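In what comes next, chain A is part of two complexes: it sits with chain B in the first one and with chain C in the second one.
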Partner chain A sequence: FDTSAPETVDPSSVPQPKDDFQEELVIRPLHSGDIYASFQFRTVWETDFMRGNKVSHYRLFPKSLGQVISKFSVRELHISFTQGYWRTMQWGQPFQPSPPGAELWVWFQDSAECKVYAAGCVDGTWKELTNVLSGIFCASLNFIDSTNTVQPSASFKPLGIGNETDHRFLRYATLPREIVCTENLTPWKKLLPCGSKAGLAVLLKSEKLFHSSFHSQAVHIRPVCQDWQCKTTSWELRQTLNVVFDLHNSAQGKREWSLFKMFSRTLTEACPLASSSKIYIDITDNPQGEQFEVSPATPLLSQAVVLGDRRTFSVYDLTQQITFGTVRSLNLLIRWKSSEGDMLRPLLHAERYVAGYGLQTGEIHTLMYNNHPYRSFPVLLLDSVPWYLRLYIHTLTVTSKGKDNKPSYIHYQPSKDRLRPHLLEMLVQLPPNSVTEVTVQFERALLKWTEYTPDPNHGFYVGSSVISSLVPSIVAMDTNSTRERPLFSSFFPCKEESSYFVRVYTEPLLVNLPTPDFSMPYNVICLTCTVVAVGYGSLYNLLTRSFQIEEPSPGLAKRIANIIRKMRGVPPL
Partner chain B sequence: MLTASCCYTDRRRGQLAALSIAAVVIIVGVPLWWRTTETYRAWLPVNQINELANLQLQLSADVEVVFARGTVTPEQQKKVPTQVVISLCLFCSSPLEADLSLHTLSESPCGSLVVYVIPESSTLLPEDVDVYIGQRRTALLRIGAQMRVGRTLEQLLAHLEPRIKQVLQVMSFSHTDITAALSDRVRLSPGNKESIADSMRAFKSSPGYEITFSLLNPDPKSHRVHWDIEGAVQTYIQPLLTKLAPLANFSIDSQTLYYAMLGVNPRYDSSRSAYTLNSDSLAHVINPVEARLGSNAASSNPVLNFLLYVPDAHHSPLHIHDHKKQEVLSNAFHSPRWGGIMVYNVNGFYGPEAVFPVDININMAKVMGVFLAQLRLLLGVQSSAPPPGFLVAPCSSTGLADWELDRLMWSRTVENVATATTTITSLAQLLDQIGNIVINDNIAQQVSSAVTSLQLAVAELEAGNLGFALQYSKEAILASERAFFDPSLLHLLYFPDDQKFAIYIPLFLPMCVPILLSLLKIVSEARQKRRERQAKKD
Partner chain C sequence: IFFFYSIHLLHTADNAGQFFSSGHTNNWAVLVCTSRFWFNYRHVANTLSVYRSVKRLGIPDSHIVLMLADDMACNHRNPKPATVFSHKNMELNVYGDDVEVDYRGYEVTVENFLRVLTGRLPPSTPRSKRLLSDDRSNILIYLTGHGGNGFLKFQDSEEISNVELADAFEQMWQKRRYNELLFIIDTCQGASMYERFYSPNLMALASSQVGEDSLSHQPDLAIGVHLMDRYTFYLLEFLEDIHPASKTNMNDLFKVCPKSQCVSTPGHRTDLFLRDPGSVLITDFFGSVRKVEITMETINLTDPIKQVEQRKYSYVDQLPVSEIIHQKPKQKDWHPPDGFILGLWTLILLVFFKLYGMKHLKHIF
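Then we have the complex of A and B:
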C-alpha cells in the first residue's frame, strides 16, 4: 500500500451525508388481548430525481425505487399489500390504513413531455410503471389496467409538498384479490439499508408475520420539506409494516406477549446506519400499570398526538447500549393483569355489504358511522366499481337518521364496458351520533367466456370503498410537519389544529356473477351443428332423391313357394 | 312407359340438385370457410431474408499512404498518385484481395487510416522500432533498409504492402477479430482458444449498457466507508464513455450495500497472517451478492457490475490468490460478461486501539484504475500485444485511442450485422414452419426495416463508411429484436389441431357425407350408363 493515499481516518474531512435513516416500532396492546405492532422505516434523501443528469449515486435510498421515480417522473407513490381486514371496531384506528389486497396510487410529475397529451401519456407511463413495480415487489400489479384504474377527483390528495391537484396526473387502482405472502415481503425487506441483518428488521420473519390476523406492508414515496420554511426539499421513502397477532392463534389464549412470542426473535442491536432506532409501547390506557405490566421497565416516556388523541408511550432507544441490559438482548414482555377495560369507540368507521337475491340485480349498501356525540363532519366517499356491475345511478340514495341526506358534491363517471370502471365520489355530511346509509342498485353483466377467472363460482371482488375525512380532534393537532416527531404520528400532514385526517377502508365485496357451464361453447357448437345437419340432411334428401311407386313385396308364402319352384327349376310365380 | 320416363326425369333432377349443392358448397362454402378461419399473415421479404442468410461480408478500410520527403525520388514522385487507397476484402473466397485505387481525403474519417512513410535514416523513431502507432488514426512507417537504392515504384509498393497490411491488422481489424465477432455464425477453428476466451469475455453488442458501481460494506458497525464515486466517475470513467458514445449509450449509477457477504468463507493463512481467497473459489463469490445488486428497473440493457468489497474487520486483510498461490497485485478479478470485483483492505488505516466505527475515505484513484482496466476488457477494447517492431503510443487521458475505437466499431458492426441476420432468418424460419402464427402489419414493417437497415449496413461496410455502417447495424438490431419479441406472435401459436377438428366435425361430417355419397353414386351411374351404351353398340 502506498501510504500517501488519503485513506486517513479524519472525521472532519468526511462529507456530511445527505441521507438519513430512521426506524421505529410501535406496539399497542389491544383490548381484545390481541397485539398490534407497527414498523416504520424512513429514509430521507436530499436530492432531486427530476434533474436531467443521468448519474445517480445511492447510499441509503434503494436504487431500484430511485430509478423508478426518475424514469417515470413520479411525484408520489403509495403502494400497500394487505392480507386480512382491519377491524376498526375492535382494534381502533390503524396508523396507516390500507385496504385488503394491493393498493397503488401515484401522482405523476407534470413533466414537459406529458404536458400536451396528458391523459394518454400518463396512461402509458402508468401501465409501464405497474409492470415494473410488479417485478420489484413480486406481485400481480401487472393486472392493473384501464378497467380497474380511476382518477379520483378529491379523495387522494398529495401527501407531500406541492399544490398540484390536477387529477389528470393521479392514478388509483386496487387489486382486492391479491394474496400477500413471503414473496412480497422479501423484496420489501431488501429495500431497507440494513436488510434483515440488523436493527428492527431482524424481527421480520415471514413464518410469524403471516401467522397473524392482519398483515399489511406498504411503501410510500413523497417529497417533503426539510425545514420550516421549506427552502430545501427532499425525498422521503417510508416503509411501513403493520401486523396484528391474534390472542388465540399466536398466544394460545394467554394474555402475555413478548417480542420472542410475536416474532420468534429478540433484539440485540440497532441498525448501525439508523440515526434513530426506537420502540414505543402505547401505555395510555395503563397509566398506573393496572391493566398490564411491561418489562423491562424504561424511564423514558413520550407523549404524542396521534389520530386526534394524546397518547403516552414508553420508549426504548436501541441506539443506547443500556437498553439491552446485561444479557445484551431485548425481549419486551407485556403481561396483562386484568382483561377489563373499554376501548374508546373510533369516531368514524364504515362497513359495506351487498344485498339482493338472484343473479340479475343487487344493491350495494355502505354504512358510515359517526360516533362523535355532538359534532357533525363531512366525509368523502370514493367507490370504484368494476364495469360488470352496472350501477343504476338513479337509485342512489343517501339517508341518515331516516332522512334523505343530500350530498353536497357528487362526481360520477359512468363505466364503459371492458374499458373503465364506475367512479363515484361524493361529499356527505355525517350528522352527530348517526349512521348514514348509501345504497345503489346494480345489474350484473354477462361476461364473455374468456373473461371469467379460473374459479368463477368463487365470485368477483369489488374493491373497498374509501372514506376520507377530517375528523374533529379532541386535542390540538401539531401542524408543524418538520418538527421532530415519532414517525407513526407524522404520516398524514396536518393543516389545522382542530381536526385530523382519517382514511377508512370498508370491506371488499364478493359478488357472484351469472356463471355459465364452461363446456357450453362446445355443447353449443355441437348442438347447432346437429340441428343444421338434420335440417340440411332432410332438405338434401328431398332435393336429390327421386320417389317412385314400388310394387308391394310378395307375401311370405309366395316367397317360400318361389324358392321351392327355383329349386325345382320351374319359373317363379 | 310413362312411369319410366317420369322416373328418369325425377332422377335427372335429383342428380342436378346434388351437383348444384356440391357446386355451391365448393364455390361459396369452402372459400367462405377459408377466409373466415385463416390467420392473418402479412407479406415478408422472404427472398431478401434468404439472401441475407448466406451473408457475404466485405469490409474495406481506407488507408492513406503519405510519403515523406526522402522516401521517393522526384521522378517516382511524378508517377506516384498523391494518395493510395488500399481496400482489403477479408471475406472473399481468396483470403485477401488488395486493390489500389485513387482517392482524395482531406482528413481521416472514422474507420480510415493514414500511414506516413518515413525514410530509413529518420531519427523520429527509436533504433529497433519500425512502426509507430499514434493516438489518432495515424501510423509512422519506417521504410526498409533494402529499399534505399535501385528501387522502382513497383518494388517500393510491393515492399510496403505487407507492412501496411500489418498496420491495418493492428489498427482496424484482423481476421481473428472478425471471426470472434461472428462466433455465433462461424464455427471457430480449434486451436485459437485464446481468442475464444477473449471473445467470451466482452459483453455482447447492445445499443446501451448500464454501469453500476456497488460498494459492499459487510460490516457497517466497524467501518463507516465513504467514497467519492461522483467525482471519480467524472474524472476517470466519463472521458472513456464520452469517447465510446458513438458505440452505445451508457448510463452510470452507484449504490452502497450494507451487510453484503461474499459467497465463500476466506481461509486464514497463518504464514502471511492474512485471509486468502483462492482463484478456484472466486466463481462462488458472486451469487449471494448478485441477489442484492438488483436489476435495473428502468431499462433492459445489460448491466456491467463493478463491486468494491471492503472486508469486515474480523476478516482483514483479505487477499486474492492466483493459480500459483501468489497474491494478485490489484486484489481484483473480473467475471466474463458480468463485471469486476475488487477487494479493498482497510485494516491498515487504523490501529488496534481505534474506536469503532472508523471513518474511512477510499482512495478512488486506485480503485478506478482497476475498474477502468476491467471496463476496457469487458467492453472488448482489445489490448493484444503488437507484433515485434511496433510501438504503440501511450494511452491519452481519455483512455482510448481513436484507432482502438475504430477497431471496436469494426467488430461491433460485424457482430451487430451477424446478430440481426440470425434473428431475422430464424424469425423467418419460425414463421415459415408454424402456420398458426399471426403476422401483423407492424411485424412485417419491422422485419422489412431491419432487412433494409441490414442491407444498408452491409453496403456501407463495403464502402468503408464505418460510422454509417454502425448506425445502420444498430437500427437493424433494434428492429429485428422488436419483431422477434413482439407478443402478438404468440396469440395463436398453441392452437391445437385436435380442437379444430372437434369443432369442425359436427358440422362438416353430416354435410359432406351425403354430398360425397351422391356424387359417387352419380359417377358410378354415369359409368354404368356408358358401359351399357358400349354394350348396345357392340
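Then we have the complex of A and C:
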C-alpha cells in the first residue's frame, strides 16, 4: 500500500468529495397525553479519514469530530447524554435508546501505529479520546477510566459497515452520575452546519428542552454504504435529540400541543445547507382524524416501517415555501378531541432494583418481560457493575415462570479492586408471555477515605443494564439499506425481515456504601491535642518550673527619685 | 483621495499606539465557584454573572476557564430548569443559552485549580480546559464560595490556603504566564486570601475584611434560596454599565459596594501593582483585546484525495445468536487425572512412615 506523501493535484480537476445534510423532526403523540419529539441531523460525507490522507477542507462535517476520528483511528463512535429515564411501558420504544447519564462506546480501527497485541495501546487511545471528548462536549468524560470501562464480547456490534468484529477493539463506558444541561447542548448545537440559526435547530431552546420528562442528545459516527452496491464507504454523522414533554409541566394539563408550546419558537425556514428538511407527525392511531386534529393540514402522507410496525405520518416539507403559508411561519398544532384507545404493549421491557437491607450485603434483581403471546426470542443481557459491589457469581440465578432457565452463553469477567469492574454478559431465551428474573448477591466494599466523593451520602451509582434483542416484528422489515428512507427508520441496520433489533436500558441503581464520619479525624486531633496540652502540659510545668520571688516594679515617684539618686551617686531606694 | 487616505492612515496609527500602551495583547479569565449543594445557589449565580459580564465585554469562551462545583440550573430542585437567576422575580437569567462550563462537578478540586493556574496539566487535557496564557496576557481570577481566615473551602472536603495561592501566583510569574493579574474574591474574610501575595503586577479585591462575613443579598421565594451575594450583586450592577469602549478605571471598581450596601467592608490591595490604578481601565481585565489582521489575497488550498480500492462492504449482524453461542468452547469441569488422588495419598503415607518408623502402622490398621 502506497503511503508516500500525496502528490499535489490541481484542485479543479479532482472532484470534491460530496457531502450531504438532512434534517428531520418526528413528533409522536403518546397515549398518556405526553408528546415525544425526535430530532435527527444527518451529515454524510464521501471521504475517507483512514487511508493516510490528511483531510483539510471541511464543509458540512464538523472539523472537531473529523480530527478526532482521524487522530484516534476511530471506526465508530456513539456518545449520548441523557437526563431522565425512558418509561417503556408508558411511551413505547424510542427511536434511539439511551441510558441515563452519559454513555460512550467506540469501535477502534486496526491502525498501523496500534496493533492490538501491543498491550495497552487501545487503552491509551481510549483515555486520550475521552479527554478530548470531555473538552468538546463540556462534560466530565475524563472520569472514564479503567474502573468503569468494559469490553463487551457479544453486545454492541458495530452499527456501520465493517468486517472485523474483534471485541478487543471495542470499549464501552457509562457515567450514570453525569448531569446534562445547557453547557452540553451548546457545543452540540455548534456542530450542526446551520448552527442554531436556521432550520429545525432553532427549536432547540434549553429552557424548554430541559423542562421535560426525558431529554437525550447523542452523536453517532459510523461508516455507511454509499449506494446499493456498497463498494465505497462514506462517513455518516447523526446528531439525535429525543425529548418527551410532560402534559402537566409543559401543557398545563390541556391536551393540546403546538410547536410554540413545546419549544417556544416557530419555524420560518429550512436550513439552506440541507438537502431535505421534513417534519413527520405520527397519525397511525388517527386514520380518520377522530382522535386528534393536526393543523395546518398537509396533503403529504408517508408510510414507514419502524420498530416492527407500519406507521403512517403526515409530512411537512420545509424546503417548500408553501408549507409556511402566508404568515411565513409554521406552527403545527395538534388538538385532541377524544382520549380513547390503548397503546400497543411493547414486546420487551426490563426493570432492575436492589433488594436486601443493611450496608453489608444486597441483591441485584433484573426483570425482563416478554409480552409476545406465543413467540420466544433471545436477549443478550450486559451488566457492568463497579468493583466496590463485590458480586458473588455463585449465587447467580436465572428463572423464568418459576423454573430455572440456563443461559446459552455466559461471559463473566471478575473485577479487580480499583482496576476494573465486573462484566457479565448472558444470552437468555425468554419464553413467550413471561417474566425472567436474574438475581445475583453482592457485598459492599469499604473504600479508602480519599476515594469518597465530596457528597458520599448521596450514594454510588451502578450503570444501567443493557438488553439487546432481535424482537419479532408484526410487519416485514425493509432489508434494503440504501433505499431513500426517513432517517428515523434507518438507524439500526436490518438483516432479516421477520425481526428488528431493539436495545432496552434498565434503571441505574443507587446504592449506599458504608460511609465513615469524615469529621472524625478532626475531632480526634482536637481532643488529643487538648488532652495533651492541658494534662501533660500542666504536669510538666508543675514538675519542672521553679518559683522565685520577684519585687513588684516601683511606682513612678520612686523611679524618678532613683534616677536622681543615681545622678547623685547614691544607692537607690 | 490620497489626502484622505493618508489622514485615515495617521488615525489608525494613533489608534494602534493606544492599542499597545496597556502592555497586554490578550485577555483570560478563570472563574471558579467552589461550593456544592443546592443552598449554595448564590455562589454559582455569582460566578455566572461575572462570566456573563466578561463574555459580553468580549472575552471569548476559548479564553475563559469556568469551573462550577455543582449544577444548579438542571438541579432537580430548580423550579425553572436550565436557568440561574441573579435578581429576584426572575428578572435576569445569568445562565443563558450559550454557556460552556469547562470544569464541573467533582472536577473542581484544589489540585485542578492549581494545575490550571500553573499550566501543569496532563498532556491529554483538551484546550478548553487549559489556561494558555503568555507573558502578555491580562488574567482575571474570580473565586467565590465559603472561606475563612486564610483559606477557601472547596466542595466541603478540602481547602486552599492563602500561602498556596500566593505560591501559585509566584510560579505563574516565574514562568511568565501573566502580564497583569486581577484577583477578586467574594467569600467571608476574603481579604485574608490576598495578604500573602508577593509577586509583582497583582491587584486584588475582596468582599470583606478579616473577621467580617460576606452576606448574601436577597432570597427568591419561588426558588427558595438566596440568589446572589451582596458584593457580586453590586459588582454586576456596576459592570452592566460598562461597554467595550468605556474608559472607567479601577478606582471606580474599588468604590463598588461601600459598607452601607454591603454591610462588610470590601478591601483591595494595589501595592504590588506597577501602574497607578487610576490609569488601569476596567476593560483591561474584563474586556478583551483582539488582534485581527485582514488580508485581501486569496490562498489556494490543495485537496489531495486518492481513490480507494474497490471492495464490497456489508453491515454486521446486530445479534448473531449462533456466533455468540459458539464463541466460547463448552466448559467442562476439570478433574485431576485418574489415580492421581490415590497416588498422592500413597506418597504421603510412605513419607510419613519413612520418617517416623513402621511402628505407627499398627495404629492405622
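One rule holds in what follows: the second predicted complex is superposed on the first by the 498 of 573 C-alpha atoms of A that agree within 3 Å, B and C clash if a C-alpha of one lies under 4 Å from a C-alpha of the other, contacts with A are read in each partner's own complex, and residues count from 1 in each chain.
Assume a contact is a pair of C-beta atoms (placed from the backbone, for glycine too) under 8 Å apart; a residue touches a chain by one contact, two chains touch by 3 or more.
Fair warning: this is a prediction, and the values are worked out from it, not measured in the lab.
In the overlay built on the shared chain, the residue A:I179 is in contact with chain C alone; chain B does not reach it.
Of the two partner chains, neither chain B nor chain C is touched by A:S329. Legend: residue contacts after superposition of the two complexes on their common chain; A:L470 is shown touching chain C, with no touch to chain B.
Once chain A of one complex is fitted onto chain A of the other, the partner contacts of A:N371 are absent, as it touches neither chain B nor chain C.
By the touch criterion stated above, A:T268 is placed in contact with neither chain B nor chain C. Judged by the touch definition given at the top, the superposed model places A:Q413 against neither chain B nor chain C. Of the two partner chains placed by the overlay, chain B and chain C both lie in contact with A:V132. When the two structures are aligned on the shared chain, A:S146 is found in touch with neither chain B nor chain C.
Residue contacts after overlaying the shared chain place A:L427 against chain C, while chain B stays out of touching range. One of chain B and chain C touches more residues of chain A, and that partner is C.
Residues 6-9, 11, 14, 56-57, 132, 135-136 of chain A are contacted both by chain B in one complex and by chain C in the other. For chain B in complex with chain A, the touching residues are 3, 7, 10-11, 13-15, 17-18, 21, 212, 220-221, 224, 226, 228-230, 233, 251-256, 258-259, 292, 294-299, 346, 348-350, 354, 357-363, 366, 502-503, 506-507, 509-511, 514-515, 518.
By the touch criterion given at the top, residues 36-37, 71, 73-74, 80-83, 93, 95-102, 104-107, 122, 124-129, 155-157, 300-306, 308, 310-321, 324-325, 327-328 of chain C touch chain A in their complex. By the touch criterion stated above, chain A contacts chain B in their complex at residues 1, 5-11, 13-15, 54-60, 62-64, 67-68, 70-72, 132, 135-136, 190, 193-195, 197-198, 269, 272-273, 522, 525-526, 529-530, 532-534, 536-537, 540-541, 543-549. For chain A in complex with chain C, the residues that touch the partner chain are 6-9, 11, 14, 16-17, 47-48, 51, 53, 56-57, 83, 127-128, 131-132, 134-136, 138-140, 142-143, 153-154, 157-163, 165, 177, 179-183, 186-187, 205-207, 209-211, 223, 225, 229-233, 378, 380, 408-409, 411, 427, 453-455, 468-470, 481, 492-493, 495, 501, 518.
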